[in-house]
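Each of the next two complexes has chain A plus one other chain: chain B in the first, chain C in the second.
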Partner chain A sequence: MMSKKVLVVDDDPDVRSFVLTVLDENRYIPLVAQDGVEGFEMIEKDPPDLVILDVLMPRGSGIRLYHKMKTSDKYKRIPIIMFTGIALKSFLKSQKVLDEFKGMEVPEPEIYLEKPVDPEELAAAVKKQIG
Partner chain B sequence: MTASRILIVDDEELIVKLLARSLKSDGYETLSAYSGQQGLEVFKSESPDIVITDIKMPGMDGLELLQKIKEIDPEKEVIIVTGHGDIDSTITALQYGASDFINKPVRDEALAIALERAKTKITLRKKLKDYTTNLEIKIAEATEEIRRKSDFQKLLIRSSHDAIVAFNNEWKVVIYNPEAVRIFGEAAKDVRNKMTIYELYTPKIAKVFKSQFRNEKDRKMLPWKENMIKTKDGRQIPVRYTSDTLIENGQFMGTVNFFQDLTEIKRLEKELVQSERMAAVGQTVSGLAHYVKNILVGLKGGSYVVDIGIQKNDTEKLKTGWETIKKNIKRAADLTQDLLTYSKQREPEIETCSPNGIVDELIELLKDFAFSKSIRLTKELDADIGEILADPKTIHHSLLNIINNAIDACIEDENVSKQHEVAVKTYMDGGNMICFEVRDNGCGMDDNTRKQLFTPMFSSKGGKGTGLGLLVTGKLIEEHKGSIDIETIPGKGSTFRIKLPYETAKALDIN
Partner chain C sequence: MEIKKILFVTKFEKLCYNALTSLLVLRKASLEHLVFLNVIEKDKVAMKRGRGYLKDEAVKLKEMANIRFIDWAENLFEMGLEVGAHIKISSFIPEILKVVKQESPDLIVIGRSGKGPLEQLYAGSDVSELTRQTDVPILVFKHLEGDNIVPEQLFDRPLFATNWSETNKTAVEYIKGLKNVIGEVHLVHVVKERVLKGKDTHEVQKIRKTERKRLESLCGELEHVGIKARAHVYAGEPQDEIEKAAKEYQASIIILGSSDKAAIVERWIGSVSKNIADNSIYPCLLIRKRHSG
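Coming up: the complex of A and B.
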């Protein structure tokens, strides 16, 4: 079976190295981006099987990248794990504001993980989405 | 006026009939009597407007009849008919109040003139009477209106939520309403018309009211003031009060004072401050928890990477994980240091130092990181600034914080086409101030962010900021008697300027 590609978008190098290690340990191919803008460029260049996305980042927040993907016919089927220090309630609230602003409705994220997360928990979430 | 009724009195029947015929043809209604006695009876029963009577009659003569009629109703007109040469009787008749006299034989013209005169008098009298009656009604109405108004005003004063106290021009209390009773505690009967301004008020408040203007020209309401009032039973009541001078026709009539009890408002204010403080504490704690959680994320992630490194004997992984752990230990240490610095008063430790040297050191420390983010870090130092007396720790900590913020503002900026730059500058400002300027062309701040910069635990960096950096910086600068000012434009960048007072090291050497 071919290994699946997982894109990690997070501006915190500590989080990146942690997620990368978890993915590597679980035999996925990790890809990294430091912010939302870079993340979208990478998705366009080489669409991954899953995106692990931070919410608060400089240059194109996770909220915006999430919105962009879920409203794009091309990328909306790529599952997303939100991986963040922000409580789900706050995320949904800002998501709703963005929906109203853009006049669109996007579905809630497939999985929402609040940091800190155990490596096993993260690995299980990834597995649940893409096997 | 309607046709007058005329009573004709004469003992000569023929004359009565002739006169009656003549008057009837002129449109008058006539009554007849043939003696003074009969005339009086007819007068009493019929109450004619005008009486024409002969003077000389057997029994009750004309003069007596005239007197009796005038006794009954002085407003009735009586015309006397006299014979030739009877001047004395005529004069007496006029003295008794006859309205006119005509001579015998009665000529129609003379009679007509006399009657006209009598009628005019009646009309005038009636008008006067109507007028007087009207006036009486009007006065009654006006009196009633004034009474009503005064009752209403009394009621207003009684039921006012303000305490109202008025003094006359001798400074004696004339108005003292129930709310005033409540505030001052003195019963109305002991105050009204008894106490003077000095007996009711504290000397301080009495002085404020007494010193008010005394003429119309500079008359205005006293602006509301606040003070404490001591009630009769010794309680302190916070009040706000004002006063107005009563002036009538340019004359000082007295003064009226209004008091509002602020007890409830003060209590609510206190509650509000308390709840705001609690909210601030909540925000602080939650901000702190958020930041600590982030450190924990780093430590947990790092230790996992270290574990894997040990398992696999992977030195690279070990290094990465260990770096992460060390970095987060430092974050925890810095946070603790910031919290301590913020929570306790610290005296600046003044010593000889070189501000330009500190800037050089900081640029050296940060330039690699800035370079990795494609940010140009430049400096422009005033060579005239040599060694000065100041607290180098304050300078170091503040500048490090602000330059770091400037770099973050460049990283945060969405405009990636910009060549980002952070420029640090030092210069003298006047004789005893040194100025550090940190200018960036990063994302800038909106009004809301700008306003909250010095709010504890407020961070525009999500979980990556403690919300303590600028707060501590601000505190250090304040303790150093310096100032910090900020200019910022969203999307264009920010400039932070720190000014610190100093003395030159040379001055110290001389001393």
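Coming up: the complex of A and C.
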């Protein structure tokens, strides 16, 4: 069976390195983007099986990328694990997200992990989403 | 000209969340996106004899900044704003310029330079260095410093000091973009002392009348787009008179066009706009003529 591709979108090199190690050890193919803008470009170029997404980043935030994906017919089925220091409550309360999502059936993130997490917890979350 | 994106440069000591909240009124003037930048100066984590690279210190400072930014961002995300953050170990001005290139903000917000007079003379103040190298407008905030004025409604009563230069035309366009947040703008022109030297009362009154008419014409231009405006002519040294006018009319901010004087000239003889930005008790918005391309 082919390994699954996981796109990690995070501006912090230490976090990227941690996630990549976990993905490597669990035989996934890791892809990397440093911000929301680059992340979306990569999704358009080569849609991954899963996205692990930070919120607070330069250029484009995870909130904007999440919105873009979940309102796109092409990408809305790609599962997303939010992996961030921003509280879930704030993510959900974000006026922008709520406004933009008004009238649309945009689901909450599949999994919301608040940093930091153990490698096992992250690996389990990935496995739960894409096996 | 709209302010959609702000780059908020903070060292935390002088420019904090309170300063940020006073800018949120700009949401009425199309603000959508705030980008934070914290530059950890290299010398704070530089190699020291026998100690090597202070990696632990770097990690600690970055994490401290990150914790602050996350807290601010949560509040701003909840208000519906887009938020981004950069935390860099670098040199202050070069890093700001790098982020300006990446993010293309419509306004840079920074605190007043922490440099002493001698250091400024040889190296220039942060504000001077920045205005020389970018044409993005710069708001110099004076928050949490001594007797400085920090109005809750930052753009409610701006004082725009004009010397009728080309840059001032750019400033007028910028002010028009703030029409939804400005209560009343005070337009001031200072007739320099040397212009009045040797002139009799009639000639002085004539100068005053001419300048007043020009200002009133500018008031008309602003009122045409819905901004209340009042004209004032002052005479004397521009830096002193602008500060005086700001006090007399209880200005919330001083808006100035910024000149293109050569760096060395500016360091030795100064520029009115940058001297005011560095020394005034009021927040100052410096606007430079936009270069195309």
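The rule we apply is simple: the second predicted complex is superposed on the first by the 121 of 131 C-alpha atoms of A that agree within 3 Å, B and C clash if a C-alpha of one lies under 4 Å from a C-alpha of the other, contacts with A are read in each partner's own complex, and residues count from 1 in each chain.
Simple rule for what comes next: a residue touches a chain if its C-beta (ideal position, glycine included) is under 8 Å from a C-beta of that chain, and two chains touch if they have at least 3 such contacts.
Just so you know, these numbers come straight off a predicted model, no measurement behind them.
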Using the touch definition from the top, say if A:L88 reaches chain B (first), chain C (second), both or neither.
neither
In the superposed arrangement, which partner chain does A:V15 touch: chain B (first), chain C (second), both, or neither?
first
Contact-wise, after the overlay, does A:P58 reach chain B, chain C, both or neither (first, second, both, neither)?
both
Which partner does A:I130 reach: the first (chain B), the second (chain C), both, or neither?
neither
Based on the superposed arrangement, let me know which partner A:E25 touches: chain B (first), chain C (second), both, or neither?
first
Go through the superposed model and pick first if A:P116 touches only chain B, second if only chain C, both, or neither.
first
Show which residues of chain A both chain B and chain C reach, each in its own complex.
55-56, 58-60, 85-86
Report the residues of chain C in contact with chain A in the complex, numbered from low to high.
35, 66, 69-70, 73-75, 77-86, 99, 102-103
Would you mind writing out the residues of chain B in touch with chain A in their complex?
290, 293-294, 296-298, 300-302, 304-305, 308, 317, 320-321, 324, 327-328, 408, 411-414, 416, 462-464
Chain C-facing residues of chain A, complex:
35, 55-61, 63-64, 85-87, 90-91, 93-99
In the complex, the residues of chain A that touch chain B are 11-15, 17-19, 21-22, 25, 37, 55-56, 58-60, 85-86, 115-116, 118-119
